[in-house]
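Notes follow once the structure below has been shown.
We call the chains A, B, C and D, going by the order they appear; numbering starts again at 1 in every chain.
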């Protein structure tokens, strides 16, 4: 029998080593796997490269991981946050590196990584500082930059419902980066609000098919980041 | 319309003016700030579908208090709703819509717009700034038509419509039309083409506050209120 | 109000000109928009470039369009068919050209076309005759060929249910190429078995969001290609 | 097992032997022909999930007569079913699974396999042939492990395991293991490594019918029936 369930968030993230590249789902708080991130803080891995659209909020979740100085490098599109000074301080102090990637290029690089596509051309960032020293090439009279696929050792994502095979569905805009991150990581770890029996997820509506998922842990009532931030919570 | 206490359009009026140019059936992405206000002013009888790049086509207004879902948000990370006929999708699929040219119109804020349509709206380039670009470069590279809403000058009175941008570009030659507190301006072959002036505002008044080449547009009109759309 | 419905398949395809590039959904008979294809035969457009995984079966649907000599060029992965000699005869007679593309490369080229990506690199076909004279480039020590995005003037596709905005869901493996073709065509024309009210399609489960769709025509009981072929049917 | 009337394994037995090497939990794509037979021989207690490149993960067996759906088919365009826990997706997403290395094992037929693992299974290269490749090149380029099931020789007795392919390649150096009617053979550093012989078949017998370099493998065994899996 195939059963990808694990007992706890601690068990789910136990083997993530120092220096790993970790994709973390979520756009702001929507879809952020906060319990998995907190388990990663407890676990102690450091020197991480983290891929997320943002850098967290307040001093919980991703912001807490960054504040604990476990993140050597962030790959993201929008590292400024309304409710956190965590990343800016470490970035200015030279303790956390930043690779700034336009949001759509970030999503497409992750998708390409998962799709076995090492590189593609995009019009985004042409003629801007983010073009950098990337290869620029003309197709049909328009210039495009070459971008590379992005893969990770681990993906930490959150979903709404899962079955033991690893089929996933998400909640509204909490879907965001998670389906592509699931394809691009060697090991994809999922926290789900609910586990259902195989067959309860209608095959037409599965968003992440099971083969992309390696570990599933149930967190029935996940913390709500904005509530924690409003309450001034910190982690640990 | 009630009289203004200062010359030119208010933020709300700028949004209202921009809304007039959104045609029925358009698929529209609205940036953060004044552009967000545009949705509530689209004239009755037009059905417009809003895209938010974090994975929703068919974005509706903010939820009633207490009825929001922290997992149903817009690109500005504010809680929103989904209309009847909406669709959710992941981020790569969302930017297929943007990069692939499937969104008709994007309305964005600006730090600077150059007379050739260059847009700068993501970074001042200051050495200590935390660079943050989000989806702005994807939007201007992919969306068919780019409209900008911005104050005509900075808080210190410096022009935001300039000969060439001094701030880092979001995209080269991408802006089609600009709505400021003083005028509606197209980017055209001779630079900034003034198509419409706010009530009481003269061409000279705008020119004094503009850094690039400003010319009267083909349809230059003095607005006696918020006029009918001209697109 | 937005309403993309049109009255008839004839109206739906009326403006397709000679020489157009037309993507046609379906893998074998599953998802083949047979009524739209028959309307295109009636309409008379010729010199078409057609993109489909196959070349049809029997002498109905796509095979009938080819037999009527309306197709100057096929772009497909598998032009041999168990139940048709239509394409092989015209191909050998030099009346229809063929661009043979590996199936996954075909799907990805269409997706890239719809995604504004002019070119990408793939390992598929490296070291084979289909590598042809395409650019080969090494990434991470492995060779990849450069492939170009593919776009079309029209896409003809079939779905299960649609609303007036153009949101679509499909039936089982009839989905196949249609969602990516819908993104890659200037004008996407859909035949649906059923029209539902906006809101009846759950937003989490829409497969093709409305902005990719331009015309919708209801065909409640579409013909079943395999039944027609078994009966020896021809069109027109 | 009952005695064979001819030397070597039958088609069904080849499929049965290949099925033994499919581990529990594997995601597997089966090609058209003999590979299709593999699914019914996977030993009890192993749960295997079948992928068909036309958009289904969790493919089940053929439907009961009269209960099929012409829109639920496999890559060979035969009607199939979907198991509990299946998922449907579009073609580009399906080949993300293949090209991205997410399918564990693909079992394919072959025209020729070379001793360096080159596979030819899509075209004879004959001038009047209608070339048709389907998903074969994507599968061999992307799937982690490639197993081939094929008769050891052609109908006219020519070797299908050859020093180098004369037919156009599907992919270079892609084959890991070959199941023929005579033997189970790994592709290794010295060419064809015979890991197992069918009942009554000798190494010399196989060598006479092989075009490339054949060596005894580390685990060479005479099969006294369909043995336990060796992977």
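We take it that contacts are C-beta pairs under 8 Å (C-beta built on N, C-alpha and C of every residue); 3 or more make two chains touch, one makes a residue touch a chain.
Note that the structure is a prediction, hence the values are computed from the model and not measured.
**Q** Looking at chain pairs B-C and A-B, which one is connected by more C-beta pairs in contact?
**A** A-B
**Q** Distance between subunit A and subunit C based on Cα centroids, please, to the nearest Å.
**A** 34
**Q** Averaging only over C-alpha atoms, locate the centres of subunit C and subunit D and give their separation in whole Å.
**A** 30
**Q** Name the residues of subunit C that each touch 2 or more other chains.
**A** 108, 111, 115-117, 122-123, 170, 172, 203-204, 207
**Q** Give the residues of subunit D that touch two or more other chains, as numbers and ranges in rising order.
**A** In subunit D, 56, 82, 88-89, 95, 98-99, 141-142 touch at least two other chains.
**Q** Which two-chain combinations touch?
**A** All touching pairs, sorted by chain label, are A-B, A-C, A-D, B-C, C-D.
**Q** Residues of subunit D touching subunit A in their complex?
**A** So the residues of subunit D touching subunit A come out as 24-25, 27, 47, 49, 51, 56-58, 82, 84-89, 95-103, 141-142.
**Q** Could you list, by residue number, the parts of subunit A that touch subunit C in their complex?
**A** Per the stated touch rule, the residues are 108, 112, 115-123, 137, 139-140, 142, 144, 148, 169-170, 172, 202-205, 207.
**Q** Could you pull out which subunit C residues touch subunit D in their complex?
**A** 27-31, 53, 77-80, 82, 87-88, 91-92, 98, 100, 102-108, 110-111, 122-130, 170-180, 207, 224-226
**Q** Subunit C touches which residues of subunit D in the complex?
**A** Touch list, subunit D to subunit C: 52-56, 69-73, 77, 82, 88-92, 94-95, 98-99, 123, 125, 128, 130-138, 141-142, 168-172.
**Q** Quick one: which bits of subunit A touch subunit D in the complex? Just the residue numbers, please.
**A** 1-2, 111, 114-117, 163, 165, 167, 183, 197-199, 201, 203-204, 206, 209-212
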